[in-house]
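The following pair of complexes shares a single chain, chain A, combined with chain B in the former and chain C in the latter.
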Partner chain A sequence: MSALARAQRRAPYALTGPALLVFLGLVIIPLAMTVLLSFYDWGQYTGIVPEFTLKNWLDIATDSYFLEIFLRTFRIAVLVTLASIVIGVPEAYILNRMSPGWRSVFLLVVIGPLLVSVVARTLGWALLLGSNGIVNQGLMALGLIGTPLEFMFTETGVVIALTHVLIPFMILAVWASLQRLDPQVENAAASLGAGWFTIWRRVILPQIVPGILSGAIIVFALAASAFATPAIIGGRRLKVASTLAYDEFLNTLNWPLGAAVATLLLIALVAIIVGCNRLVERRYAQVFE
Partner chain B sequence: MTRNGPLALLFHALFVTFMLAPLAIVCAVAFTPEGYLSLPTNGLSLRWFRAILDYPEFLRAFRDSLWLAALSSTIAIALSVPAALAIARYRFPGREAMTALFMSPLMVPHVVLGIAFLRFFTEIGLSGTFTGLVLSHVVVILPFALRLVLASSYGIDQRIEHAAVSLGAEPATVFRRVTLPLILPGVVSGWMLAAINSFDEVTMTVFIASPATTTLPVRMFLYIQDNIDPLIAAISACLIVLTAFAMILLDRFYSLDRLFVGTGKG
Partner chain C sequence: MSHLILEGLGKSYGPVVAVEALDLSVARGEFISLLGPSGCGKTTTLQMIAGFTPVDHGRILLDERDLGTVPPARRGLGIVFQSYALFPHMTVAENIAFGLEMRGIARPEREARTLEAMELVGLKGFSDRYPRRMSGGQQQRVALARALVIRPSLLLLDEPLSNLDAKLREEMQAELRQIQRSVGTTTVLVTHDQHEAMALSDRIVVMNQGRVEQIGAPDAVYGSPASAFVAHFLGKTNVLAATGDGNGAVAIEGLSLPLAGAPAGAVRLAVRPERLMLAAPQAPGFSARVTGRVFQGAHWLLTAESAAGPLTIIRHNDGQPVPGEGEAVRLAFTAADISLLPEGEAASV
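Showing the complex of A and B:
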């Protein structure tokens, strides 16, 4: 009997063991090595010098060049998150009110792009937003602008393209919380004489705020760490944290500095995500049952 | 339930245009007969699709991407199935921490993972190898595989397995004939979602790929950084069509919205 109990106690570890080994070896160790690397020295001719130094971290903390890049990264992430909320929340609501047939068709339209390579999607935006692109030609044909607007290599362009890439996550999060809504509550409010705006503000919105917040956390985290889209639309001059780390690693070859940038990005993101999750869970504990 | 008003439908139409416009323009430009980026206003041409054949490096990258996706998602599923069964059925010390660790690649930026793997693989002599690509992809796609297998593992009635055991079935037989068929939808859709994610991964792979072993998205990314021409639009158009087929296939097994909203309780 006790042999069976012991076997029962060991079973979960035997089953998770292989995956655990892979993750210890391929996530924990490489990440620890990267953090360590950020404290190494580097020279143009000497390469990586394995001596403990705070130089990279002091550089990042004091040089306004890095501050500017990190500010830009988080500014873009905030704008993309806001755009996703403003566009995604009404769209999720509209989707939810469609007939089941249309809804499944348009859900494919919303989710489908998620599965298409981000390089192909960003290429589409590069074609649309170029100075001879459709958007500029259309705006000029309508007489709204005289000269082409600059979208490529600007933050506006990056925000537009990233919003397109990430908005499905917001719609899915809001849609999931809309599904739990009882439509009768909405009808009750209407029967008591509430207008649509009041229904929205007093009945629907309070119930879907947790969905909006969890969508916002996902979109923000992915926007702040996005790489391919800012690299293609932003080009080499409009750098964000991830493209900066890429350049330090593969062009300048200053690995310790690149590792410090990456570590800082990771710490900042984890802090923001964990902080927001705490806030959401405490504030809306009752909604999560 | 009330219907959407005309204003709501207008908003919806604009939104659908916004979502599809970049994909549509890539496909349109791919059919241009001109030698430069333009819409096919003077008739359609397949010249840029034929031109793909003149670039063997893209075809090789495509083949490597397929192998990489198939191999890494198979390994990820092989690791996920036992882990998911353990997490779904047992309460053991470290269960929460382990689940968080297995899901962590979703939270860690892929740039950071790419850098970590580049550093690690350089130290152990795997940098630029196909083995290195497979190992790193297993890690980043495992959360997708695990989540779907986990979702289907929660719903199993364990009495069916007990019945099989009481009828004299060996543990291996119980797994093969009873447990596996029950979680098969999760296994198949988890494998497919993992494979698609492996196939599309670019941010992490760009750090660890070498010119000799690279993936299609990485090759496309590096190409676009230098110039954008109808050739790259034609390649992207092929990818979009391929993804559409994969999506329809996936939808057969597992409704797409459930796939992403995530029904796992763990």
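Showing the complex of A and C:
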């Protein structure tokens, strides 16, 4: 084998090497250490004890306290994902139909939430949703409700605030797949006698399923692992997996238990997303090419 | 009785007039082409007939019914789009059956008619294919079957062959014509391709800048173009400067021909390149000098200069000697080959 051929064979490894090193150092090793940490022991007075134990995992598996928190986390993530689909898909469609000038204005409005710091935005929601907030005052002034609705420190409040910040990901993903649609298919369906609802259900929706799915994956993953919004709107009592892990790490100082919670969150997320992906891809195999 | 009538149909986009008062009457079963360069208003006209573009003024009558307020879904027209606009997530059979399903036709009849339509366009056995897995020509056939299966009162074709390569396009032209003949659906074709329009249509509507330039059978429009635009748009043509004597005759040098309605003084005549003949040295004719010669297999394409203007001549490759570059020739044509062009039009369209 000539020297040139050998060099060419090595080139791909040499070129991907640096990125691989960064990935290894910043993602894989810390992740592996977190997983390892979840098997360590911990005591009130001894701190972290580097001994292999399944105690943390057994705690999580048997204590209904953890089950409740994980169920709440994924309930919130599912509701946020559904709300993003219900609101985001029509919004993306309308955006796609706008004239280019208006579209760029409203695109800015859509991604607006992402441009505001998470703390400022969440505190803004806290002001709106508080029992003396504008939403409750408005509803009471209209006579729709007698007593203030509880948004703060409830799942409803967390879902509203998370939907607000995560919906741009859904809109952009759906918009991207709408742009790939042949603009004439709607006219074609209309000429064959389909009304607008049928056109939507039978022609447009099936073709943008890949966009909805990729948007849903992003929204679900971000909603399930969100920290600041549940921390501020949900408060100390309404814990989700990420705030639980935070508390174990920084308040209780039980790092191994926190690591187990974080690892479980990661595993559950990957499993749910991969499972859903498979399911939808099989159902809509033709659109995913 | 006319099947489709367009009455003073017009459409403007702001100050731009897309279609200016179009009048057209199409007979049942007729194949009619709207032909013109891009921006001539042909596509806008089709869009108005289909109902996708609102009409500014004028009326569209289909079987004496005003389509003005009828939404596209209720017009019952079959449309083949330039991009075919097939539903990529449906199989061929599902695509074709979609219109029948929308009409609430029961499954057994739906399936029978879908198969029938697939047979008509030569796609038997392709039921379960997805459009993405088919060639352009096959997709085109699916689009045609999908439009025809609903038994439309009118078939609209929007540049249906423009995405196919030249050989396939010719094949599809013949087939399209044959299918249209066999089902007898009144058809309106929009195209910028003169060959396509001439090969397919019973009548051609030549449009330019939102106006109709000429309506007529392909050979009539080709043979006697009503304007310099039509003469140039449909095939190659020569515009010759001649002199009228005021008594119904025109002359170029030694060639004098009767032409009814020719005014006195300078006139402009259109003569097709294949009608310019080489004349014997002493016979009536006018002189020209060959400036170029291109061999094209079945014929020679000659360019020449003359006192009447620059010329293009087509000589059939019939074994006779062909004049070479720089050679002086004597040319003639007959009175039947002339179209008198109206005055006031730029000669260099």
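Criterion: the second predicted complex is superposed on the first by the 282 of 289 C-alpha atoms of A that agree within 3 Å, B and C clash if a C-alpha of one lies under 4 Å from a C-alpha of the other, contacts with A are read in each partner's own complex, and residues count from 1 in each chain.
We adopt the following convention: a contact is a pair of C-beta atoms (placed from the backbone, for glycine too) under 8 Å apart; a residue touches a chain by one contact, two chains touch by 3 or more.
Quick caveat, the model's predicted, so the values are computed rather than measured.
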- Thinking of the overlay built on chain A, is A:Pro206 touched by chain B (first), by chain C (second), by both, or by neither? second
- Task: Mind working out whether A:Leu192 is in touch with chain B, chain C, both or neither, as first, second, both or neither?
- Result: second
- Task: Report for A:Asp182: first if it touches chain B alone, second if chain C alone, otherwise both or neither.
- Result: second
- First (chain B), second (chain C), both or neither: which does A:Tyr284 touch? second
- Once the shared chain is lined up, is A:Ile111 touching chain B (first), chain C (second), both, or neither of them? first
- With the two complexes superposed on chain A, say which partner A:Ala7 touches: chain B (first), chain C (second), both, or neither. neither
- Which holds for A:Ile134: it touches chain B only (first), chain C only (second), both, or neither? first
- Message: Contacts for A:Tyr246 in the overlay, against chain B (first) and chain C (second): which applies, first, second, both or neither?
- Response: first
- Task: Can you check the complex and tell me which residues of chain A touch chain C?
- Result: 182, 184-185, 187-195, 198, 202-203, 206-207, 284, 286-287, 289
- Note on the structure: In their shared complex, chain A is touched by residues of chain C numbered 50, 52, 71-79, 81-83, 85-89, 98-99, 102-103, 130, 132, 146-147, 150
- Item | Interface residues, chain B side, partner chain A - complex | 1-4, 8-9, 11-12, 15-16, 18-26, 29, 37, 39, 79-80, 82-83, 85-87, 89-90, 92, 95, 98, 101-102, 104-105, 107-113, 115-120, 123, 135-136, 138-139, 142, 146, 196, 199-200, 202-203, 206-207, 216-217, 220-221, 224-225, 228, 232-233, 236, 239-240, 243-244, 246-247, 251, 255-257, 260-261
- Touching chain B in the complex: which residues of chain A? 9, 11-16, 18-20, 22-23, 26-31, 33-34, 37, 87, 90-91, 94-95, 97-98, 104, 106-128, 130, 134, 161, 164, 167-169, 172-173, 175-176, 183, 221, 224-228, 231-232, 241-242, 245-246, 249-250, 255, 258-259, 262-263, 265-266, 269-270, 273
